Each structure stands twice: as structure tokens, then as C-alpha cells.
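Should a chain be cited, it is by its letter among A, B, C, D and E, assigned in written order, with residues numbered from 1 in that chain.
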Amino acid sequence: MFLGKVVGTLVSTRKEESLNGLKFLVVRRLTIENEMDSSYAVAADAVGAGVGEVVMVASGSSARQTVLTDKRPCDAVIMAIVDTWEVDGREVYRKE
Amino acid sequence: MFLGKVVGTLVSTRKEESLNGLKFLVVRRLTIENEMDSSYAVAADAVGAGVGEVVMVASGSSARQTVLTDKRPCDAVIMAIVDTWEVDGREVYRKE
Amino acid sequence: MFLGKVVGTLVSTRKEESLNGLKFLVVRRLTIENEMDSSYAVAADAVGAGVGEVVMVASGSSARQTVLTDKRPCDAVIMAIVDTWEVDGREVYRKE
Amino acid sequence: MFLGKVVGTLVSTRKEESLNGLKFLVVRRLTIENEMDSSYAVAADAVGAGVGEVVMVASGSSARQTVLTDKRPCDAVIMAIVDTWEVDGREVYRKE
Amino acid sequence: MFLGKVVGTLVSTRKEESLNGLKFLVVRRLTIENEMDSSYAVAADAVGAGVGEVVMVASGSSARQTVLTDKRPCDAVIMAIVDTWEVDGREVYRKE
């Protein structure tokens, strides 16, 4: 999984029918030190994440292993909201 | 999923039989700020997208989760046409 | 899918038994403007492609969705020979 | 699989329900010469790995082929702790 | 598939139980001109490859399509030993 920050939303009215009801969020990737880099993904939201939150994203077929995304043409899903992470004993991020 | 702009079309008459009837489009990737970069993909079209439209592309096995692409040797599908997306509260793109 | 040019062949006599009969081709990736770049893949051939032809390659589990590659340890397949492609209204490539 | 060093831990209380009980570790990738590079992944732990250990990580759908990760939205799993590896006849790494 | 040279071995005693009996090899990627680059993968061996041999590696779910790797958390497998490959009519590699 990669770590990302939800930075935006995306609206689509014309889409594969099976995608109705899915919320799509724009997620910018974070480095291991909690800095945003230039790459991003659009991911379906399985946990009710909001803009500004730090999340974990699962990609590929694993993105379809949620009730919301099962059998849908979706290759990235937000499957967890991050509370804290530590690197080398330091706390790099803590949710406020 | 990644965001891309449909910039072209592709014709193939000699292909795996199961691909008959699929439309293939050339999609250039967009940065999070709606600028085209040099990478691209050829994707099957599941939503009737046209040249010039901004779309979402699902890759890998997820690209086969549409009626058109089911069980076909296809690893990228346009599964939504984008109306708008926002980053940091700014509207980056709006379909005209 | 990515676009590539078939530039060579590969012979292997000691291989997973299920691969017997599959033809492997060396495919160099093409940019959107039909220029070869340095990356390449070895792909199984499902359409009778020859050296010099421009082809589409499907990767990952999608590479197993042909009769020839079904259930085989093969992650890239040539599933179409390209006749033409267009970008921004210009014809970038036409098969001779 | 890639080789990595476990450098940290990650806590998430709000997540896909099926992920309850899984431990997530932050793994930094290692070069073939056992040097850390800047890329990393968050992986589920299937073998009881600890911070500081060198591990193998399987990605994609293969990450779901353990009892702990089966049918879960998880795209990276630590499936082995490395004892030693050799390159060109030299021992590059040995677990202490 | 990518082409690689087997450059080393890897030993792990603490691993997912289903991996018992699998041999893991360190494979350095080769360019199309048979030069080693800095990237590598650890792959399971399905064909009895040895250090120094040039091999083909299948990645992702395709790596599980051998008797040895079926249903195991393994995302890369050596599925063929290469005898020769040609590019632009030149023989780039021949097994001695």
C-alpha cells in the first residue's frame, strides 16, 4: 500500500454503471517522511475519508476486495485512514 | 485510476478474436494540475468517450470488470468521463 | 496496453512445460510519436506478429486472456497488430 | 519480490472491517547491495517481522495468498524474513 | 516478461509455510543489449536455473501459474532459461 493525502474530489456523471454510488477522491502520494510528491492517484473511498486526511491506498486487484468495489472497474481504493506512523522510532505523522 | 485526455484513435484489423467490436483510444496522462505529460496508454472505451475528453482509466485486471472487456486480453479501460475535479479547494478542470 | 515494435525473437528450450508451443518476441516500446525508447518486454505472440510490425501488448493477468496463454506463467501478450494510429488529428503511424 | 528493511509501524483505527487484526509495517526498499533507497511500501505482516529485520515483500494479488490476507484489500505482504543473500559469490547480508 | 541474469541466492527459514521447498534466486535485469542494470528482483525458480544463467521472469499473478508457485504469495517466477535472443537480426546473446 502507499500512503497519501486526500487533496481533492472528482465528479463524473457518465461512467460505467456499476460505479454508481462510489465516491472518487484525488490522493497525492506521500514520501516516508510525510512530504507530498508530484504523483497522485484517483481512488474509490471505502472508509469515508475526507479532504486533508492521510490514508492508505491499495492498488490493483486488491482494490476490489471491499464490499463497495467488488467486481467494479476500480484499481485503487482507500482502505484505511492513518492515525500515526513511525520511522526509526520517530513519530512522523499523527492525526490531529 | 489515472486521469488522462483522449488524444487519438487506433485501428487494428488483425487482433485476438475476442477483441472484435472494442474501440481503442490513445490516452495521454494528465498531471494533478491538468497538464499533459509524455506518457500514454491505449485503452478500451467502455463509456463512449471522444477525442478531447478528460477520462479516468482503470488498469490491470480491473480493466476487465466491464461488460465490454470481460475475459478479454485488455489491461486498460476508460470507465468514466470526468466532469470536474478539485485540488486544495480549487477547481482544476471543468468539462465544457 | 502499450504500443511496441517487434524487434527480435527469443529461443528457450528449458522452460515451464505449459509454455511449449508459445512464440516469444522481443518488443521495444514506442512513444506516442512512434519513436522507440530504451525499454522493452518479451511477450508471447497471440496473433502471428512478425519482426518489424507495430503491435499492442497487454500486460499482467490480462495477458492470460487468450487461448494460447490461458493459465500459463506469461505476463505480456501481443494481442493486436496495429494498422494506424492518430494523435491530435495527425496520422502518426500507418502500416505499409 | 523485493527486499526491504522494516523501519517502522503504522496505526489505523478507521479501516475496512476485514483488515482488523492485520499488522501494518513500513518497509524501505533495499538495493541489491543492501543499501536503503528512498522508496518504501506499507505491507501487512504475515510472518511476525520486527523493526530492523530484512524481509521479502510480495505485491499485487500475490499479497493475498496468505491466511491472514486472503480476500482482503491488501496489495503488499511480508512473506519471509531473510537470513542471508549472496550476489556474485559474496555474502551481501547475514541476519545477526 | 523481463530478461535477467541470475546473480545470487537467498535463504529464509522464517517464512509463510506454503513457501517451503521453493528456491529463491536474485535476478538482475538485463537491457535489450544484454547489459546488467541496477534493478533486480527476487524470483522463485520453476525451471532449475543456476547462478550465471540468463532467464525470463514472469511477474504478478502470472508468477503463480506454475505447479510450484500455485496459490503461494509469490509475485515473480523464473519460467524459462534463455538459449538465444536476437535484436534487429543480430544475435545479442547465446548460452554457452
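What we mean here is this: a residue touches a chain if its C-beta (ideal position, glycine included) is under 8 Å from a C-beta of that chain, and two chains touch if they have at least 3 such contacts.
Owing to the predicted nature of the structure, the values given are computational and were not obtained by experimental measurement.
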Report same or different for the chain C and chain E interface, where same means the shared residue numbers exceed half of all residue numbers found there. different
Using only the C-alpha atoms, find the rotation that maps chain B onto chain D and quote its angle between 0 and 180 degrees, to the nearest 5. 145
Where the centres are mean C-alpha positions, what is the separation of chain A from chain D, in Å? 20
Calculate how many whole Å lie between the centre of chain A and the centre of chain E, each centre taken as the average of the chain's C-alpha atoms. 32
Which residues belonging to chain D are in contact with no fewer than two other chains? 60-61, 63-64
Building nodes from the protein chains and edges from chain pairs that touch, which of line, ring, star, complete or other describes the result? ring
Can you name the chains in ring order, beginning at chain A and moving first to chain D? A, D, E, C, B
With touch defined as at the start, can you tell me which chain A residues reach chain B in the complex? 7-16, 18-19, 24, 26, 28, 38, 40-43, 60-61, 63-64, 71-76
Residues on chain A engaged by chain D in the complex (per definition of touch): 1-3, 31-32, 46-48, 56, 58-66, 69, 77, 79-88, 92
